[in-house]
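Heads up, the next two complexes both have chain A, just with different partners, chain B and then chain C.
Right after this comes the complex of A and B.
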């Protein structure tokens, strides 16, 4: 028993897709696309769009968990412009971001470059640097509270070896925010290092070898080959760092509660305080809207810097 | 058209979100239903029982007693702390499942009553005379809003002052004549403060118990001058007495006590010997598990008196949620909690004084000298008094702004003026 395959006649004209066929195909593709997107869209609508719209609406009310509420227009925003605690919180958050982001990115990159070499104990160092990232912030904050303890803390104990007087790290208005920044920088290193490490391993070996053949020094190789290759990753790390630092809360909540006075009060803590301690949900919503705008502005500036860097 | 529908859906969803904040239904109302037939879940928000084994056992005893009247009602406790009480309340209201019984503290009742979150207890016969007869009269202002009573006192959280006799004798002071006025305390505290060769304070002369904020200590010191913080919801501190008190605190911090001083156990520093004199809570454990008899014998207790003898008295105050569907059951539950054995048990768990009339004879007051002293001094009670309806907001404002004044970041007079302006 045999099967004979009929050979198609060579002179049979191939059917040229008509505009109608193309349209049907495109429609089918679109439908499939929407079907695949639907779960994500539904998720975004429920967990992002509705809350964002709700926050926008609530920010125009004086809702405070009571039976009655009323529209106040932009009254909350006007009050915020005069609220010294809010302005202090905004300033502390911006300052925190401005200090923590570049320093942590620079340290993370330097460490990642180091971990990208063939050195002994590489696995140990990679694990050690990543541990803070997977550790609960409350646990980290508790450990740092002990480190900063003025009486029996490690920080003062270490500095006393060099003859320095004990410092009241978190209780002194001059050192409280910088002390938190140190913890923030340390805590955020792990994630950044892992991302940089992955990016460094993706830098073209051909380009690096070419640079070697051209007699480039290590520094020249880094500046002219490695650094430009890291552009997209730098942007990603920058964006996630901006969002992360603007949302700093648990660290401050556990370590200082915004004190002394309001010297370490940050935006999310202020929002939390207004919403869940002072029960001013409308006011806190207005703060949230402003925080979203500030984060968007920072990301916009980051994009501009990225473009300028790429064009260079 | 489609866009219009989409927007309508979004608006509807949003209105659900917003209206969800207003009301919610869990159970059918049991009010008016015979207790033996009432079914549902009674949600109880209570910081008075620590979530330890002992605390849960004590709470279960209350539940067992309550079930004798309401056998079919389920009781769902939420063992909150005073730190997270507001967020628990806020999220329960926002989620549309408010608590039926809510235990809060001094300063909570007026704001929540003004938002119609607490039920007027007048309909259950709770009047000032009723509290005078059965409970702690000193807490009447704390449970009153707009001449109505919205809470029933469970515990009194009294504070006194303690001194170390040995430290006094060492400094050439007479421990039998404790300094009671602010001026006297400052003079004594400066003599009692010990420093190392670099000038760092190694033993505080006076513990203001203000590691995280000066609100309560300011209230206490001010009240000892005969000036309550608020009168009828109006600020009473933007005056000479207020300014003198704040300047006094400023002159004490980093002079007789470092700012922010606290210990890991959160114990009053005079009990641990880290301060020679200072504010203490309402109980001390003189057993070997606590500070020991020797330490206890070294303590002498007294009250502030800069013209008026006072002791700061907070409290645990039980209210009924105005949106509760089990108001009768909630009142029955409160009544179960306020029987003497239960209050004695809660008082012991919290190192506070049971808020019944003869608290001086309570087992808690008889168990240690500090509780005995504070329980017998409840007639000297002082606290924030008749706070304004935005007190929850003012609590934080006081803590922040007084600290800024004490640390020299802001002008004390302007701070008081500002706080007075923010009170409404």
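Right after this comes the complex of A and C.
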């Protein structure tokens, strides 16, 4: 890249820009800047900002694709508080997030620390851990559906190696949600590992070496040098994980459709069904608003945790 | 597998890196077991795709023979070739659209002397946090009422707008704020003198953006392209919502429909189809690995 930085046409005589020239030049730069920015601004306004505002407004109506609709105030929210399916979905989603986020972050950090040693085959390991991330969730889900197959799947085959009785996995209310969590953790490791790995490369080498000279153990070096300097990246990973886990849909849609019963029903699935099968758009919008609030609350708690971590 | 070494300025403080101490052996064992846990499901998928219907009745590892015709029959049992073509079309269209819009905006956010540049950057960062699932419902309604498309009048009434159209599949989810942000992160590190010199030579502002600056951020372009191709190829919920005809369904939707009826799933065919849907993205990643990883790391850290 550095070679292309040299400009070839240096031999042409340069005109010294006058004050007036700089003025018009600046104007031109501004105009071009806005012109370049316009498509992205327009696109984001139409397809992100307006929809976010619309969700808030729709949640106060009983709109359902028809021509007539009316304001219902907070009626949708009152109904939601009594909606068993919604409450189950909310609970499962929160549970999913609480289990999947810390476990996957811890495993990812551990693997990244391992990969950050001078080891052979880094490219292989990186690819191996990243493959699930680049694979479509639908494909992942169909593979795991087959692995969890009670009759002849890999999971029961594996259990039988150790003499355990076969499990019904996704069909058993007790194991259905944990089975999904395993897939969620497994799939999300790759991105986190790569981000952690990049961050670990940026940890000050001098600090680590001087800690080493002072006789700090590996663990002490990790706790006192590495961990504090990972702060901003931890936060980035945490936020993207929160947003990601609350979005879980494809996995559930393909593997269980929210079953058995409604034991794996999650928020986006519930929203999707209310909006596009029962056509209750206002109601689904109210659900979405609740989801936004919960995500915001999670991010808020994340910030508090981070602050507490850096202060002590 | 191409191995892409990370920059050698690692933070490794181990004093005897090449010796085989017990700790190092344990490290390799753990990493290899971990890597296997990541790969085995895919291996299982491939092995299953060669098995016969009889062989999948009970658990075993290896197929009796390599039944390549499973792939042919899987392709014939559903219009997979069409799904494949549709996914490719969506991925290419969405990536082209994203590259154009996001590099332009990223450049302006990094280099243009416009008022409120900082707030505009913050605007895109905030939007980056809005998950698509949150705006599902209104997004559908907006796409349905795009004026003058799909039988709509100028006010967006009366027709289906962009529903069930390539426009609807490609435009709304393209040009994500994440990519604008990513492009900006790369442009911002280019020296201003470069643009200044080109300006003195009489190149237009747009020319500076297109001919001087953009060729210098190739790693970002590759990262954005790979990211966007993966996202488009793997997309599921949005196509599920807005397509009603088989004509436009992408691959993932085809797979999901294929696996819908648990009692009658033909596992070998389903796994063959899944393998065919997965392979292109894995190959793409393996080839673009190094650049892709650099780009990803930049989003996370320079933030």
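Everything below uses one rule, namely that the second predicted complex is superposed on the first by the 268 of 312 C-alpha atoms of A that agree within 3 Å, B and C clash if a C-alpha of one lies under 4 Å from a C-alpha of the other, contacts with A are read in each partner's own complex, and residues count from 1 in each chain.
By definition in this document, a residue touches a chain if its C-beta (ideal position, glycine included) is under 8 Å from a C-beta of that chain, and two chains touch if they have at least 3 such contacts.
Bear in mind that the values here come from a model prediction, so they are computed numbers and not experimental data.
Judged by the touch definition given at the top, the superposed model places A:173 against chain B, while chain C stays out of reach.
Look at A:276: by the touch rule set out above, it reaches both chain B and chain C. Which of chain B and chain C touches more residues of chain A: that partner is C.
When the shared chain is aligned, chain C comes close enough to touch A:197, but chain B does not.
When the two complexes are overlaid on their common chain A, residue A:144 makes contact with chain C while staying clear of chain B. In the superposition on chain A, contact of A:122 is made with chain C only, not with chain B.
In the superposed model, A:58 makes contact with both chain B and chain C.
Touch criterion met: A:49 reaches chain B and chain C at once. Shared contact residues of chain A, touching chain B in one structure and chain C in the other: 49-51, 54, 58, 275-276, 281. If you check the complex, the residues on chain B that touch chain A are 10, 13-14, 17-18, 21-22, 86-87, 89-91, 93-94, 111, 114-117, 198, 200, 212-213, 258-260, 390, 392-393, 395-397, 399-401, 403-404, 407, 409. Across the complex, chain B is touched by residues 49-51, 53-54, 57-58, 63-67, 85, 150, 165-166, 168, 170-173, 257-262, 265, 273, 275-281 of chain A. If you check the complex, the residues on chain C that touch chain A are 1-7, 9-14, 17-18, 24, 27-28, 30-31, 34-35, 37-42, 44-45, 48, 56-60, 100-102, 104-105, 107-109, 111-114, 120, 123-124, 127, 129-142, 171-175, 177, 180, 191, 194, 197-201, 204-206, 209, 215-216, 218, 230, 233-234, 236-237, 241, 251-253, 255-256, 258-259, 267, 270-271, 274, 277-278, 281-282, 284-286, 289, 293, 296-297, 300-301, 303.
Taken in their complex, chain A has these residues touching chain C: 1, 4-5, 7, 9, 12, 14-15, 17, 25-26, 28-37, 39-41, 43-44, 46-52, 54-55, 58, 111, 114-119, 121-132, 134-147, 149, 151-154, 156-157, 160, 186, 189, 191, 194-195, 197-205, 208-209, 212, 221, 226, 232-233, 236-237, 239, 243, 246-247, 249-250, 253-254, 268, 271-272, 275-276, 281, 284-285, 288, 291-292, 295.
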